[in-house]
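What follows are several structures.
Shared between the two complexes below is chain A, which pairs with chain B and chain C, respectively.
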Partner chain A sequence: MSVCTLSASSSIRALGAIRFNVIRPIALQGLRTRAIPNKSSTEGVEGAGSAEGAKKNRLKMRTIETMPFQTFQLALDIINKDRQEKLERITQERETMKKLIKHKGLTHADRRIVSMKQQIEKWQLYADANNPRVKYNFDCGIIGMNKPIYLHLLNKKWRQRNRPILMQRLETMHVIPDVLPAINPIADVQVHFKGRKVQSGLLLDSLMVEEFPTVRVIPFKNEEMLCTIAVVDPDVPDSKKHGFRYRCHWVVSNIPISPMQTTAVGRSAKPADTIVPYLPPHSQKGAPYHRYTMIVFEQPERIDTTALEGSINRDDFTMRGFQSKNKLHPIGAFMWRVEWDSHTKEIMQKHNLPGWDIMYKRIKDVVPS
Partner chain B sequence: MAKKSKKGAPTDVRIKLIRYSLHHPKTPRPLRFGTMRMLRHWTIHRAWKLYQAAQRKEREYELERQYNKMRDACEELRLTSPGLYERAVAKSIFRYPIVEFRIPTDTPAKNGWNHEWKRG
Partner chain C sequence: MLLPRISTTGILPSLRNIGASGCGSNSGILQQVRHATHKASKAANGSSNTAGKRLGAKKTAGEKVVPGMIIYRQRGTLWFPGENAGIGRDHTIFALRTGYVRYYRDSGPKKRKSIGVALTPDQPLPRPPNAARTRRLWFEPVPLVEKEDVSVPQGTPLTQEDWAKVVPGSYIPRPDNWRIGKVMGPVVRKRSVFEGFERSAKRREARMKKLALKGGKTKKAKAKAKARAKKARGA
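Let's turn to the complex of A and B:
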């Protein structure tokens, strides 16, 4: 079968030139379910030589769509038909939407129009959901982040495993009432310390967390937004009040985030404003482990950093206050823990942090009642 | 936790039984497909689901159409002759309590127990 589909190829053939075979790449070809239909009619008319035909057969590529299995091909036909139906429905819906806007004077903020748009998005997802090429690409990790179907699949995968784990860690370690009253993560936050990916809630070495991490935020909505990342430690021992207080470790604002720009902090990140520079996590001797909580907020608009820089005091910081003052909305969270270990003293001395020679003891242990 | 023997195999009877039945030669091996075979399997499964959904939808439409026709016919009858309509729609006042409430099944039999039966 000839793979040539160009009209120019026939004239080349007439002149007696060598026939070119276009080899299709196997990699991502948009969201087509079927390969380009081969024009076998030219073959019949021209009547190519057998030697040439054998050569062509050798060069033929087999793609996902051209696997020679009857049931599979029939299944592909059904899926294709369904896809066409959905695309037709989408075009019809778009037309009615246009008519409504034109003749009935509805705006894009109108409830009916918004629901129609949502419906269209849903159908677009359904049209591609059964595509074996999409499934193959997703499983192989060839993901076009601007395509809604891949975002949808990523979201589904994250919600199946990683999000429940994160929520469990946040709840069992009481981060949720201690730092913020409630968090409903809708974006995946991935943190790399010294180039190594870290699971949420782990007890990390203080040498590993000495420098600020690379943060990836994957929002599953296909739109651009500005983010703020804040790290707070709710477990700083306070001997005066016989309890614990908060300490702010890091605040970065105005980070542009979109599915195509997932790196929030790191080498390939866009410039952002560091409001509070990173303070290496350190927990003093004898104190229980510290829970370092990173919250990713969505900003309603650009934050004026000059006004904010002076107003934040590291030792007098609460996440709730910060959130309410700047009208932020939490979209993602991450946490890790740090204990006093063999490197903490060295790090505290290196960064001029006081208290490396202090050891805490519980009152109960010192003065038995 | 089940007790562990020196070799590390669990001694719990339930686990032993599960392992026995899983590794029994009569138990079919688990389906192991290659990537492309799995993909084909997945595609065919998806297409089958689509086909079933289409069928279901069609059946529902059919039922709806039938119901609408019946309702229209009744309405027509009511307009033409109210007496006939009432007779057609009326339910009998007397209802057989258990016979009408029960879902029809094959068992138990209508006659119930055969008391006359004796061993031959």
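Let's turn to the complex of A and C:
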């Protein structure tokens, strides 16, 4: 009998701040139990103690694993049994793999070995999927990013709400045909300006976006990779061209990202190369709002910074060209908007940005007779 | 033996001609119209011809249009709205941007007939799928003009000048709402809300200190513990 449902918590918000730390590996013996503070708990069901132990028993904590309901305990037994089955299968598969590699000379890149590894990952998920302790941890924000089950649950949660919101913003504001022809985000990109988390598509104050943000990229695969972040503004007005230009605002390359290292740019980020320093977003008075699009790319290999620096021109930059030249693959995106407001003029003067003394006035269409 | 002759005289008069004329033809049987129950005044069975609705193309290919101009009137979607064109509730195709009308077939799988508006006279439609949009900037750069920072200290009463100000577009001379708001004097609170928070925080701190000194239990908790001990002794 196998209980193979991957049901995660839906619509239960984390009760506290998410702690992305390493959880000790789940022992093969059984489900992980929290240490119960009282020694008298070994006696048995709560409330059934003697007169002397009555006081102590009243202070005992109920945990998931020690719920005093017979049906619940029987269910836990079933789950535990299923888990043991899955773990046995995993060990058997691992041994088979080792034998194949040793005796038949197959390599780790072989199709058969790769499919066996994928099967093992699946069984690892199935083993922990029904564990109530895992579900509780996830709901409370105690997430071990080294465990595939938590990554799976995070991915599911992201795809349920925040990813559809991001895609809706990108498509309705036409970022997707304008900046890139198509995108399939597979990593969660979180952006914090001045410490505040920002939802994609919001109109932000120019003071808030004056400095570069803290960017977190959460990949849902247990792999290490190098990433590039590029921010482009596709709405720079060009009156000579009677249209709009693209401007590059920020490019950072060679950022190491993994499930344990999710901060790309920020306090706990690993050192990376800033190819193009951050330029504060500025929108002139009268012109329509600018959409600032951040795309997170996965690099195939380490990029040479000097070569890249030479090839980028801030005022003549297209994301499509950048992607194809450097053979990058987009894994995540983010977008925010900036309009002219009372702080734009001082910010533009402070950073010596040309055009602080210009505003845009509408030209009326001549109605053909 | 001779077969008996079927004499027509024995058959009912109404059925006499049915064999001859058949079931469908009108030749022998008279048409009967019941005039008593037929309303001649209303054209229930009359002709249903109505006036022409002047459907069809209003702008031909290559003509310049501005936003809002109707390009094609139709019943249902003979033509679909293409790039920079919109569709109304009666499937009227109209322009969303200034440009030149184009009639074309879509590059998608359905190969629909579409009407679009190209932004330049030479631009052909349809454009490649997922290509960046072409947009025109209908703005011109002028020197920056910022609004004067007109302000008045809180507590200034209204004057004759204020009452004479007319907002463009309105016939009623009245002062702006923000100017009306400046008439009242500044609000002077005897006790600010934040002072209240600070006071209650201080009181809470003092209470906790007291508890710590006394050994960590309030009066209530002490009484409860006493009652429990009594019960345990009794049991």
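Throughout what follows, the second predicted complex is superposed on the first by the 302 of 369 C-alpha atoms of A that agree within 3 Å, B and C clash if a C-alpha of one lies under 4 Å from a C-alpha of the other, contacts with A are read in each partner's own complex, and residues count from 1 in each chain.
Rule of thumb we're sticking to: a contact is a pair of C-beta atoms (placed from the backbone, for glycine too) under 8 Å apart; a residue touches a chain by one contact, two chains touch by 3 or more.
All values reported here derive from a predicted model rather than from experimental measurement.
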Residues of chain A touched, compared between chain B and chain C (which is higher): C
Partner chain in contact with A:Gln70 - chain B first, chain C second, else both or neither: neither
Touching partner for A:Asp365 - first (chain B), second (chain C), both, neither: second
Chain B versus chain C as contact partner of A:Ile79, first or second or both or neither: first
Which of chain B and chain C A:Asn130 touches, first, second, both or neither: first
First (chain B), second (chain C), both or neither touched by A:Gln160: neither
Touched partner set for A:Asp178, first chain B, second chain C, both or neither: second
Touched partner set for A:Ser311, first chain B, second chain C, both or neither: neither
Doubly contacted chain A residues - partners chain C and chain B: none
Touch list for chain A against partner chain B, complex: 64, 67, 69, 71-72, 74-76, 78-79, 82, 130, 132, 135-136, 139
Residues of chain A defined as touching chain C within the complex: 51, 54-55, 174, 176-179, 181-182, 234, 237-239, 241-244, 285-287, 320, 345, 356-363, 365-368
Residue ranges of chain B in contact with chain A within the complex: 35-36, 39-40, 42-44, 46-48, 50-51, 54
Chain C residues within the chain A interface of the complex: 63-67, 98, 130-146, 228, 232, 235
